[in-house]
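Data first, discussion second: the structure below is written as structure tokens.
We just call them A, B, C and D in the order they show up, numbering each chain from 1.
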Amino acid sequence: MGVTTLVLDVVGGLLLAAGSFVLLAAAVAIWRLPTFYTRIHAISVNDTLGPGLILLGLACRATHSWEILVKLGLILAFLLITGPVSSHALAKAAYRSGLEPRSYRRAKGGPPSTP
Amino acid sequence: MLGPGLYNYWMVIVLMMMGLYVLMAKGNMVKKVIGLNIFQVSVIMFYVTMAKVRGGTAPILVPGDAGEVLYSNPVPHVLMLTAIVVGIANTALALSLVVRIHEEFGSIEEDEVQKMEDHV
Amino acid sequence: MLSVSILAILICMGLLILRAITGKTVFHRILVINSFGTKTVLLIALLGFLSGRPDFLDLALVYALMNFVGTIAVLRFSGYGDLASLDQNDASAEEDFEWV
Amino acid sequence: MLNLVDVLLFFFLAVTALGLVRLRDLFAATMLLSLFSLLSAGLFIVMDAVDVAITEAAVGAGISTMLLLATLAITKRREKAPRREVELVPLMVVLVVGGALVWGTLEMPEYGDPDAPSQTSPMTRHFLEKSRDEVGAPNIVTSILASYRGYDTFGEATVIFTAAVGALMLLGGRRPKDARLTGSVLQPHNRQSLAGAGADEMQPKELHLNRILEVATKSLVPFIMMFGLYVQFHGDYGPGGGFQAGVIFATGVALYALVFGLTPAQRVLPPRLLEALLALGVFLFGAIGLWTMVLGGNFLEYGVLSDGPLHGQHLGILLVELAVGITVAAVMLALFFLFAGRGFCGPQRKR
């Protein structure tokens, strides 16, 4: 029993740390990356992976109660469905309204594209 | 450990004053509704701050508790819960007035509407 | 470890809020706010575990739901796509519209 | 740790509010307001107000944002440039009032003080210690909301009913005759009939907004409804209750309407039905109160509803929460349909 708890604690901690790192990377990316599409690429992927890792890490701490596990699972499922869908809808709306994907060089010095 | 002391109240006042400033200084009616929302949140925050007890937990009884668990004060929570819902109903009423004003005058700026009113 | 995660999420939130205020286009803001909603969901789940009452995870679910619906509503009402006729009436709408 | 979270979240809240004051793009301001609302709901959780948090999340970040966005879609997106960057008189007033308020707080008990007057008041003690035996619901907030302060909640239900009736009267009637009309964002057929030629080419794009979105919405909406029912009937035991469930339910339908258009959503819940439900909820609440009087108790004294007082309380809370849920869901949906179905309406008078 003691060993299982210890292993779960360690694994949970690692998962939480990894999730936090992924989320931080996304937050930094939104400042560092130059254009909208590069940012949405970073954010949408990380915002699916990060919550997954963190919620799994939390699940490791809640193995005593199936109720909490089910709720964590539901949140994870909901985020896994809605995150990519809303990112997709956003990218599509941006593209359709005339925001063109551009290379980094043009984004820095090129003329602004007209929608 | 050093607690926040009166910090919460001061931040509540900062928020409240921002809401009040928007209400007084901005002429745009939707902006005024937004200011009213900020003001409302600050009032709710004030009540909820008063309800918190150090080391307390949410006022939902823990199973098997024999009086040793400390709960936060539930009364302000009840008042604010209904206040939020009433607040959105009032916001909706305000917004419908804004929509009607826009249909009538073509503007949601206070001074423009006032000018048109004076012309008529 | 919970505290570290909460701290990381709070830092993320700070970065995202600044971006949401200074963001140039509508799409940047939507992106940031959508991401912010996810962070809030996680913050609530973590806070539940930190305060020892993880049975309030329903809340996190409500947040996730509202975040999704909010994003869709913004996209739908934002007038991108085909509300062009509306924006003509409001000529100044394009004023601070710098791409990227 | 919780104190640090509290301090930081409050700071973020202030920064967001400053952004809200400064932003002139109302659309961006609305989005920032939803962020503001998410943040404040996070703070409510830190301060143990889970029921308030769930309400704020559902109302502030969900319905309120949608109503504001719908209003902006039919009015104007941008605020006029101000004459001055900072208005001096309001600033002075705000500084003076704020200073006076800060001075007033110096007498307040500290945050979290267990000996503050509001904590030691006999009412609070009574609710915390006796509600388990008198009402029996583990969620004390629900006990107070539906049972101890049931009469007050009846008043709140009436207030939102009245506000909805007011909005319906303002926007529900006919439009001005010579106004320039364009269809609502969510009603493509409306656009075609009103905007005349050239509208047809917009049709296909409108109707098939996004296949992926449609599939996701279709599969999510039933679960959202389910979750609404869970929040409704689990309100005795955890955070939730009629107010929150009503909003969640309305949000589910609103999501459907956002993706598939207003017409299919209104086929399920026609405005007439909503208006009836609006009244039905408040009526049900009042009827329960009168019924308890008929049975020999006071207004909304649930103990007489069934054999044992605890059982009666349970039944009464369930029914009252249901009444509140019906009212709130109907109000929110009626408002959403009203704003989203309005369509742009240009100025009637010449400038």
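Here, a contact is a pair of C-beta atoms (placed from the backbone, for glycine too) under 8 Å apart; a residue touches a chain by one contact, two chains touch by 3 or more.
Owing to the predicted nature of the structure, the values given are computational and were not obtained by experimental measurement.
Of all chains, the one whose mean C-alpha position sits at the greatest distance from that of chain D is A.
More contacting C-beta pairs link the chains of C-D than the other of the two pairs C-D and A-D. Distance between chain C and chain D, defined via averaged C-alpha coordinates, is recorded as 19 Å. A separation of 28 Å divides the Cα centre of chain A from that of chain D. As a whole-number value, the distance joining the C-alpha centres of chain A and chain B reads 31 Å.
The centroid of the Cα atoms in chain A and the matching centroid in chain C are 13 Å apart. Residues of chain D found to touch two or more other chains are 50, 72, 76, 213, 220, 238-239, 346.
Of all residues in chain A, those that touch two or more other chains are 78, 82, 85, 89.
In chain B, the residues touching two or more other chains are 57-58.
Each chain pair that touches appears in this list: A-C, A-D, B-C, B-D, C-D. By the touch criterion stated above, chain B contacts chain D in their complex at residues 1-11, 13-22, 24-28, 30-31, 33-35, 37-38, 41, 44-45, 48-61, 63, 67, 70-78, 80-82, 84-93, 95-100, 102-109, 112, 116, 120.
Listed in rising order, the residues of chain C touching chain D in the complex are 3, 6-7, 10, 13-14, 17-18, 20-21, 23, 26, 29-30, 33, 36-37, 40, 43-44, 47-48, 50-51, 55-56, 58-59, 61-63, 65-70, 72-74, 76-79, 81-83, 85-87, 89-90, 92-93, 95-96. Chain A makes touch with chain C in their complex at residues 12-13, 16-17, 19-21, 23-24, 26-28, 30-31, 34-36, 39-40, 43, 47, 50-51, 54-55, 57-58, 61-62, 65, 67-68, 71-72, 74-75, 78-79, 82-83, 85-87, 89-90, 93-94, 96-97, 99, 102, 107, 112-113, 115. Looking at the complex, you find that chain D touches chain B at residues 3, 6-7, 10-11, 13-14, 17-18, 20-21, 26, 29-30, 33, 36-37, 40, 43-44, 47-52, 55-56, 59-60, 63-64, 67-68, 71-72, 74-76, 79-80, 82, 86-87, 89-91, 93-95, 97-98, 101-102, 105-106, 108, 110-114, 116, 118-119, 123-124, 127-129, 132, 138-141, 144-145, 149, 152-153, 156, 159-160, 163-164, 166-167, 170-171, 175-176, 179, 237-239, 243, 247, 328, 331-332, 335, 338-339, 342, 345-349, 351. The touching residues of chain D, when paired with chain A in their complex, are 210, 212-213, 216, 219-220.
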